[in-house]
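One chain, chain A, appears in both complexes that follow, with chain B as partner in the first and chain C in the second.
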Partner chain A sequence: MTPDHAILDIQNLSLDYVSSSGRMHALRNINLTVPKGKVVGIVGESGCGKSTIAAASMRLLSPNAEIVSGSIRFDREDILSLSEKEIRNLRGSDMAMVFQDPMTSLNPVFTVGNLMTDLLYRRTELSRNEKRTLAIEMLDRVGISDPALRFDQYPNEFSGGMRQRICIAMALLCNPRLLIADEPTTALDVTMAAQIMSLLKDIKNDFSGSILFISHNLGLIAEICDEVVVMYAGEVVERGTVEDIFYHSRHPYTRKLIECDPTIIPESDKQLPTIKGYVPSLQYVPEGCIYADRCHEVLPECSQVHPKETQIDGKHFFRCLLAAANDHVVEKRSPGAAVLPGTDENKPPAAPCDDHLLTVSNVNVRFRNQGVLSAFIRRVKYPYIDACLDVSLTIKPGETYGLIGESGSGKTTLGLAIMRLTEFAKGSILFDNQDIRELDQSGLTEFRRQVSMMFQDPIASLSPRKTIIDLIREPFDINDTSGVDIDSEITRLFDMVGLSHSFKSRYPHQLSGGQARRVGVARALAMSPKLVIADEPTAGLDVSIQGDVLNLMNDLQAQLGLSYLIISHNLPVVRHISDQIGIMYMGRLVEQGRKKDIFRSAAHPYTKALLEGVPQPDPSKRRDNLSIIGEIPSLSNRPPGCEFHTRCPHADELCRTTFPAPNDLSPDHTVLCHYPL
Partner chain B sequence: MKPILKKSIGITAKFFSSLKTVMQHPMGCIGVLLVGLFLFSAIFAPIISPYNPSDFVGDSLAGPSLSHPIGTDELGRDTFCRVIYGGRIELVLAIAAVSISLFLGLVLGMIAGYGPVWLDNCMVLVFDTIRSFPSIMLSLAILALTEPSVIIIGIVFIINATPGYGRIARAQTLSLKNKEFILAEQSLGAKPMRVILHHLLPNIIGPLLILCAMDIPVVVTVEAGLSFLGLGVLPPTPTWGTILNEGFSVIRESPWPVIAGGVPLILTTLGFTFLGETLRDLFDPKLKGK
Partner chain C sequence: MLFYIIQRIGLSVLILFLVLLTLFALIHIIPGDPVSIALGPRATPEIEARFIEKMHLDKPWYEQFVVFAVGALKGDLGEDIFTGQKVSDIIFSQLPYTIALALSGLGWAVCIGIPLGCFSASYPNSLLDRMLGVISVGTIAMPSFVVSIYSLLIFAIMLNWFPVIGAGEKGDLIDQLHHLVLPAFAVGLGWVGYLARMVRASMLEVLSENFIRASISFGIPRVKIIYLYALKVAILPTITLIGIGFGGLLSGAVFAEIIFARPGIGKLIYDMVEARNFPVVQGSVLITAFMFIFTMLVTDLIVAYLDPRLRKKL
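Let's turn to the complex of A and B:
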């Protein structure tokens, strides 16, 4: 590989973070090249050093980072020896970056136009008007409608997806030779993410530079990249072309990572694959292979010998003793034969009994968005925002209901309403045939003993100044538990969720996301509830841990006969554990039915879009067209007729004027659409 | 008995380990030493001081000598003894006034923050009304209407300081109230008292305690200021304010009484401020690691 045609060439890079608690060997002997005009992806779990590589390439490292050895060359120029002024000249104009969170990466006090024309400060030959024209052209290119009008707006007037488009426009404005995209879609909803990916693909086609694309999501990597670098705990464990990685991967970590991707697991599997253990802390780097502790094919010598980078054919390198020893060609794996829609055999219904544990009928939850007085003065007749509208669903004992929707669709609000943590305006919620609105204080305590909730953020939902054992003891303190041996119960809970007893005296912030999630599960299950509401149980967790949490929830359901209401934005994740699925859009359930109805014969165009919005870890299954465009309308200004018509590819006059009546396709399958697919 | 013993040992160990971290910072070290000196001299005043503070033991306005380390005052009383005994009153006053205002502020603030909106509005209105009075005017008015004494000075401070603590406790409660862990506690069926005492209080009290450490010298200066104006503690009770006041009238004859009253005032203020700032830097998670 000659570095002549490499735009970015990193050789043997090692980097430490120095802090008062010691040295973290964050990157070790990284070799990576980004050829001209190609898209190179970096993939790995969180804490593996992906973003550190991006920061090092732009020399935007935090002050406590120290480069131990190695070189970074950008178009043959040594980045590490440039002066501060020279590197500043490169940034923005020759190399540009798109960050993860578009909500915070734009300066809120400047208009978009200001932010963009400022980038052109080096082009003194351009007049103000020419700069403006250039910026507007670029906004148009990234798909901002009415760019001339929106040029003078502030970032807060744009939605998240639009802001990410602006970030991309800003990055491309000076026509850089290298674009670094650090998890550009992670903070966005499924349909927005699909749109941004499609934009990046367009850019890739008519943009002369190279792209370094960082993501933890193999599906996105497969979709856009030409070459892939797999990172684990600060090392490149495997790199090669996208086909090498997805079809002929040699390193056990790469293979396991692909296997863990929820989109390729057959639908009938209730047991999801996982990688045992966690990404190690990099203060003490073991002598042998860094992955040895978690590897499922570990050899005895793996813990003593650090594997060298081995090349097989062309651009395919890996670091693994086993793969190096096994010289035989690994046959081409068919990556996930059955993806979406699934092909499972018909699973018998989970519970034969007909009683409903939870019945939600026509529930409306609304929030006041204007005070009494200001609504009166402005003559607003309806000073509310409807977060949930006419939601009806039932859950039987032992059943799992998956509630899917993008952010702002009212899923969490519905969960809170069921817990009676927020009031609802209309409708009724019956739990065990008892109207939860009629509960008094003691009835409420008893109700919350039978229904418990797991919150979205595993760490922030634990009281920060309590130890883990106090937190798990808490349900026993709250409820009347005379005659129960609390200590043995706590031991049982620790064992049940697989938490090490050494965590007992730790505080929540000392746990990883997966461990804190286990504490949340233990707390939710301490009182042996009948129903658990799980709000995004896998959000913020790595794929290898996601499976762990879902398996735990599945096992506990089998043991204890629990019912779950699982709230998520991620269809593939809930696919494996749900019996019923409901799709929420703007506070309404637009489609609900049994799992197979939804995945095999989705009837609502929105459901279909969500299903198609999921990228798959297979380069041969790249999506080429977008199923829906546009954004979710504002909840305070609902479109007339069918609320989805603004984004629906099949909408006609009837959809624009008339609200569709619920359409029963089968006894279990209801859809809110005039023309079910 | 055993678990209690174990717990108290744990608390002591924790105290010493945090003391060690504070001592590692130069500012914290100075703060701890100054505060320690102040506490020590106040607690052991009868043992340290060679004379009774109200006995006439020497010449009038004598300079420093071996028998009177910082001289004597107009009436021939030993200034050193008077400074040490004055510190005693300051200490009791400061600790009592600050803890009462902290307690009141915390209770009222948390009720305002956690309770219904109308109660919150009423209490904020009361807090702001009190805060809108110029504090010096308010103090002078109260003292003019009553008999000046240590207790009244304490009350004046409490009236001035409680709304401030209350507003901070309220703001903290409001920002914590909608955090996910409070929702999680409610979803487990926890009653309001439990949420307030077990989950809000530990998160609020830290920043407030640090504020208290920084407010202790304020009490001392308020006392000194009012006594200096003749509206605080009345002679012959020795306090730093009265020493300053008396010294001021004889400043042309001897500077020592003024120095004797002023220096401990400055040192205590510095000590508590340094200690408070170090504590804030160490225990505020946002500043951690800097």
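Let's turn to the complex of A and C:
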């Protein structure tokens, strides 16, 4: 392919980040082209240089970045040698970027209209009113309702999904030839992300320019891209068309990455696939193949010879010695194979036991959202918001309950209520047939030994001033542990969660996310609890590590007979580990049942939407229509009738007026819906 | 928003009441017999009796407080013990000088300090930034009376550019402004450095935000990003600071007022404490407290106006 057809052409780019602790070789010999009118995806785990490529393409690099070699050409112009003024003229008018976090990407003190019309400052021939009209048209184009009205609102009056739409509108306003989307849906909920993806696909169809789409999620890449670049630790390990990558991938890393994607893992009782080890430090880049020490097909020469980029056919390139050898047989994936299989029943059912370890019945948790005085003056009769409403669930010993919901659905609040870390207004929670509200101080201490919590952010939930050994010792210091050999207990915990003993004197920030998560698991299990509440145990972890953590949790459950309550927004992740699943929407459990009920015969339209909201890492399974529209209503202003009717495709008059009674489809399967699917 | 304003005003009234109470208590806790202190040893018993009656000193303290508070609410702050002038008249004759000094002193500090801070933040760790840093810390560390004396020595006595003392002829605006220059310079110099440091710090924080990176990626000119997009966010904490500063200068410009022999509230309070002229002290402290609280209220409203996030929450 001649570079003439390329809107963005990166050749042999190497880039270092220089800091006082040394040089990090963040990008090494990157080759990448974005053809005109195509969508090119960059996929890879965190820290492998995806965003650095995006930043370099627009020359938005941080000051400590240093380009060592190579060139970046935008439509034949050398980006790296342009003057500051020339590059500024390209930005916004010829190339534009959509960032990851829409909540922080809009200036909070200017109206949306102000921000948008400012972008048109180069078009001096337009009057104020014409700019306004253009901006309002663009807001309408990206699906903002009442654009003329919302034009004068500030960013804080929009939800996350809406803000991302505005960011996209801003990027498209000057009709750029290259749109760079850096993880545009990562910060959003499943249903919002699906809506943004649908918008991007829509734009792709009538947009004449090219798109560079960056994501860690193979499903999203498969859904929108024409060509894919797979990155690992600052190198492009494989690139080609989307079919090349998903069906004929040659590099072991690409294949492993697809295998690890939680949506296609076939069986739940098997160990989940993982990639062993961690991404290497980029300060001292090994001589041989960068992936050699994690590769499952490594050859002796891999650690000595750095593989050259090899072209196999057309646009398909890769860097691997093994795959370059002619006799190497590649198992090919065929389109549509092994994707979202029905879950099997291989996992032995939890110990046959009728006793419930945890019984939550009709629990309401509410938070005051207005002060006494303010509520009185404003005549608010109910100055609360209900974070959990009439939630009932049971967990048996040895069982895993997966609690799924979008942000703000009340799932974490429920977890806190079960730990009695927040008070609940109504209902009861029984643990081991003991009402947890009746516990006195000593009973509560004992209760919290038996129920422990793994908090959301693996690193932030560990005190940064304590060493790992102190962190793991902490539960022993808090609880009465006379007669226990603490040192041997700590050694046991280190071995149990697979932490190297060399970590004992390190601090949390020196660990990777996966390692910190293991520390969290060890802390939760220190007191040999019966129930572990795990809040988003895999959020923020790369797919290759996610499986690792879930495998560990599974193994420990088998060894220790634990019960888990796993709180997550990610359906595919909990599918492999849960026995029961509950779906939360606006503080209510709208559907709960055995795993097979949920995955094979989801009855609530919301559950169905969540299931369909998960993109598949297979280009032949692209979603073409949206199963759910609109946004979650405000908790302080609940819709009448069925609370989901505002977004439900099947809603009718009954749904709009009458709240549905719990509908038992089978003894284990309950749904809050008038018309279960 | 309306609710917020009502709430803030209610809170201000409460604070003012507490100020009133504290002031009242302070003057009555001070040891010594107010009568003999005020009138001196040579007062006749008749004069003393008249004084006691006039000042309500024969009544229990809470009745005295009610008289004082009710009077204050009506705008009657009592009379000067010595001259019998109304305290409110005395204060209002001095207040304009203080307000002029505080406004001009802070005004020039704001005009210089904020751009300097922006400039430093846009070239962080450059030579100029470091030099500005050293100068800023220097001006912050230098007490305003030192600045006052040096500026008097240099600009008034050696160079003879400005008058040495006083506030200028009444009614002659040019002359008054001429007299205002040196005190305003002395009062504001420390604030230049302080504001520059503050603005630099919050600018640096804002400039690293995602929305600034987004603005750069849209090709918005750098000057506009720094002086409009970033400054409008970064200025918010500084506005609160300026409000506190203004309130503080109402009574805190006392050094400059004494050195330059200017009339003003600070100097008034100082003189009247020396003379044990309690009604005037009470009245002027009350007025400064009121002005301070009012300034803070206005500052908070300005910040709420500028920050839509805050406005929405109210």
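In this section, the second predicted complex is superposed on the first by the 655 of 677 C-alpha atoms of A that agree within 3 Å, B and C clash if a C-alpha of one lies under 4 Å from a C-alpha of the other, contacts with A are read in each partner's own complex, and residues count from 1 in each chain.
Criterion: contacts are C-beta pairs under 8 Å (C-beta built on N, C-alpha and C of every residue); 3 or more make two chains touch, one makes a residue touch a chain.
From a predicted model like this one, the values you see are computed outputs, not experimental measurements.
Once both complexes are superposed on chain A, the partners chain B and chain C fit side by side without clashing.
Contact with neither chain B nor chain C is seen for A:128 once the two complexes are overlaid on the shared chain. The superposition places the C-alpha centres of chain B and chain C at an angle of 30 degrees about the C-alpha centre of chain A, rounded in steps of 10. After overlaying the two complexes on the shared chain, residue contacts for A:379 are found with neither chain B nor chain C.
Contacts of A:456 after superposition: chain B is touched, whereas chain C is not reached. With both structures placed on the common chain, the touch criterion links A:419 to chain B but leaves chain C unconnected.
Of the two partner chains placed by the overlay, only chain C lies in contact with A:157; chain B stays clear of it.
Of all C-alpha pairs spanning chain B and chain C in the superposed arrangement, the closest lie 7 Å apart.
Residue overlap on chain A between the chain B contacts of one complex and the chain C contacts of the other is empty.
Against chain A, the residues of chain C that register as touching in their complex are 3, 7, 209-222, 224, 229, 232-233, 306-309, 312. Partner chain C is touched in their complex by these residues of chain A: 58, 60, 88-93, 96-97, 99, 101, 104-110, 118-119, 121-122, 154, 156-157, 167, 170-171, 174, 373-374, 377-378. Chain A makes touch with chain B in their complex at residues 19-20, 416, 419, 421, 441, 444-449, 452-453, 455-457, 460-466, 474-475, 478-479, 520, 523. Residues 179-181, 183-191, 194, 198-199, 202-203, 289 of chain B are the ones touching chain A in the complex.
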